[in-house]
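What follows is a set of structures for review.
Next come two complexes built around chain A: one with chain B, the other with chain C.
Presenting the complex of A and B:
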């Protein structure tokens, strides 16, 4: 590993260390942050980028297979209510959480194959369907239910994705994960 | 209320109303002119909106020595180019092919994002590793990477990945081929020949025509009608219709004045009765009023399938398509939008026709060949509040001015030219409008040093420090404020009448004192009553009426080296003789909002 140092201040692993349930085929960067008191489960071939933040203070966080959680994304951010639920955040398979996106805790569900765009926000209790696309800076209000194949773009406009390329997208995601696995040094032992 | 950043706007002389008012009032031209000279500029007048510009928007004509604004310059197009592919389009192509990119640049009809061409290989065979022929023949689509729209939603795929515009012109939404006008004609000829052979009339007379063909059909039909009817006799046709309402009587009256040619043509054309178009070959197109298809589609697909007004207005005019009769209501009717071309323009002075701004003709460069911006000829004015320790208003909040409490502002004039300039300022003592604030410019006349080399100041730092102090002490003011000269080098921190506040290499700061008016309407009524009270406007506070704006007349004088290049200079004159230049304009200085108490 190269000795390049970031100008960003080092990650402080503040807060309690959560009980984790990590897959052996997982790629998780050394500087990712997992905090909280509830269990965090991450399934096979998922990639967690450096400085991604997964909090289980308000309940269990589950991440499916072949997901990509990008840098500075926050899963399970403590919302306004701060109430504890059984499942804080549940991600399906093939989910992409882009850079800086935030997903609030509180029975929030992101369906299979959904992309949450750069700096997008998903409120507590929102249920985003399968194969949706949230474009950058989209905000989903708390408790909203988004049907499958919805594209949310340009300040909340919505349309249905009729391309029918879910298979292709899943393949592309798998290929991207192949590359990322070689790029990101994984250190799951740190979190165990 | 949002705090207001102080601003300076400059009035372009092109919008000067004086010649207009003189022409409107021919009885008293001299008095009207005199009025204009005397009148102070009102920044709140409705006309002022169109004449005030920030300095950055203004240009300067070096030959007329005058400010030019975006409204008065004459523009000429240098190049047309596509903003997406940055290809230059010759102007001859614009005439023939329209003002949109004819390559493969398209915008998404849903979100106006750029569309990209992608190939969808139909069931790629894993056994065949590389098959370039197949890749060529594979279908291509346009996709928007932002909103995930693809041209398959309107049923359009392309066989080649380049020349999308030409391919798109041949496909209707849904994939049906579309014929060009020429092909239509040929097809019709063939059909006619076939029907003649069959000895029966064409059953396809009620076909749907596109707008272009319909127009062509109508035109040819009515031309034929005109030719037929005018070949008839040229008798007493004009007596046939003497009714007052008939267009012929009007044309007859007109012909008395215009000389008869119009009359002759019209009257001849009216001889035979003209038939109207009867079928689609003659250009008749019945409106399709059966909307049950649209209603059922709306019921099945709902609101999501309809398009917004924005999306509809983005659509280019579709002359090549069948008459839509209001059918563009569904997303399935949308078509990819070819990019509108953009232009680079050069600007000319409206008076002397000299070019004052000319961009480089090459599309990719952002440089200019000629660019005479006003900012490099006239002084810039920057404003900041002056908080004097122990002064008039030390605790005033920066965002709102306290009514009836004096506030001081520092105006900094920065000289961009390489000559020493003499600046004279004039403001009305009370700002125009319903709530007049008192304005006092403490030093209305001063000189700004030339914009010399930046290093001069740094190298002679000791000198300039001394210099500055000296100058602040005894700036000789030959304006009206002579009484300021007496109490010379007293308190340096106290703004004094007739004294420059501070000066630097090419800038001078002066102090302006304002007493903002109270915005209370009852006070307004009472003062108006005292003043005689004829027709006061006691309406509620209008939008932005609480902004304190000072109209300021700026007169800049400087001397230039003898005008060798000047046309009017006599050849025998001394080259060294200096010439005086003068520029005067109104500007508006917005200081801030007056607080409401």
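Presenting the complex of A and C:
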């Protein structure tokens, strides 16, 4: 075994510790950040990568089953208005939030099977439908409603996904989660 | 804070790597640095996403190589960039593929790299997203804010830009000296030298 240790600078666990409701089959990295005052609920078999941030300062955050939240993604970022709503961010099942994506708080909903691309931004109150794909650097304006099966490109182009590969994608996601569960040391006790 | 920090901002290794203390390297046992590589603060490298299926090799006795991220000499990883191996289904099993980077690769600030391999003398601009399992050959210049789609193969001596990225030109004759990173390497670290004019 190697003697080298990972050099991971300490993370600032700033802000209050939120009340959490974590599933027992969850994989959450030690260096993920959960902060805020409202409850955070994460359902079964979801994977939270290191350095992901989940903030519940503006309301409740709910993450569905078998979601993957990548590093540096921010769920429930405080928007310009900063108003408190009952549900800040709700993710469906099989949602992937990629590296550095930001989901603003304020009744924002991401539907089942949707992928939010690298460094994409979803504004407050936006409702993204099921099985959508937001490519990297996409920006969804606040309050926008995106129908199901929409693919949105960062240059604003949109089309409807008619490939019908939802089942396959869900299966691939389940496989990926299976692998990640073995790879990412989980420490849900830290957040409880 | 009045007292000067006792330690420098960078950790300098025997092989000349300069790794910022504020860089986040996860799974360092799976990260290979070739030497003389600069890793600036807030860089994140995911070495923990290693191959989960052993590669089928003809030499059965060789020890399993678990390297997730391999970086060559004189690479420069700017502030805030992320290097992570990409995953895919391989023979029905999900596995991460190692990310290989050759010599003299510059990665601009805020870029996210999920490529399969990057050749030598590659310049990647700021806020670039390199999609999963893209292959970038030698002497390629990727301009700022480009989004390289997944699985794209970029041939040598191309200039690439756009969302999604496409080849927009060629590196001119004699233009490949601009890819040298030896001078840039000297300008960072605990006792940086000024850039030669």
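Definition applied: the second predicted complex is superposed on the first by the 182 of 192 C-alpha atoms of A that agree within 3 Å, B and C clash if a C-alpha of one lies under 4 Å from a C-alpha of the other, contacts with A are read in each partner's own complex, and residues count from 1 in each chain.
Following the convention adopted for this analysis, a contact is a pair of C-beta atoms (placed from the backbone, for glycine too) under 8 Å apart; a residue touches a chain by one contact, two chains touch by 3 or more.
Predicted model only: the values in this text are computed from it and were never measured.
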> Who touches more of chain A, chain B or chain C?
Replying inline: C
> After lining up the shared chain so the two structures overlap, which partner does A:153 touch, if you call chain B first and chain C second: first, second, both or neither?
Replying inline: both
>> Is A:162 touching anything from chain B or chain C once the two structures are fitted on A? First, second, both or neither.
In response: first
> Where does A:135 make contact in the superposed view: on chain B (first), on chain C (second), on both, or on neither?
Replying inline: both
> So, A:50: does it touch chain B (first), chain C (second), both, or neither?
Replying inline: second
> Looking at the overlay, what does A:24 touch: chain B (first), chain C (second), both, or neither?
Replying inline: neither
> With the two structures laid over each other on chain A, which partner does A:179 touch: chain B (first), chain C (second), both, or neither?
Replying inline: second
> Intersection of chain A residues contacting chain B with those contacting chain C?
Replying inline: 135, 153-154
> Contact residues on chain B for chain A in the complex?
Replying inline: 110-111, 143, 146-150, 152-153, 304, 331
> For chain C, which residues are in contact with chain A within the complex?
Replying inline: 11, 19, 21-29, 44, 46-50, 52, 82, 84, 87, 89, 93-96, 110, 112, 127, 129, 131, 145, 147, 163-164
>> So in the complex, the part of chain A that touches chain C is made up of which residues?
In response: 2, 4-9, 50-51, 71-72, 99-100, 117-119, 135-137, 153-155, 172, 175-176, 178-179, 182-184
> In their complex, what parts of chain A are in touch with chain B?
Replying inline: 133, 135, 151, 153-154, 157-163
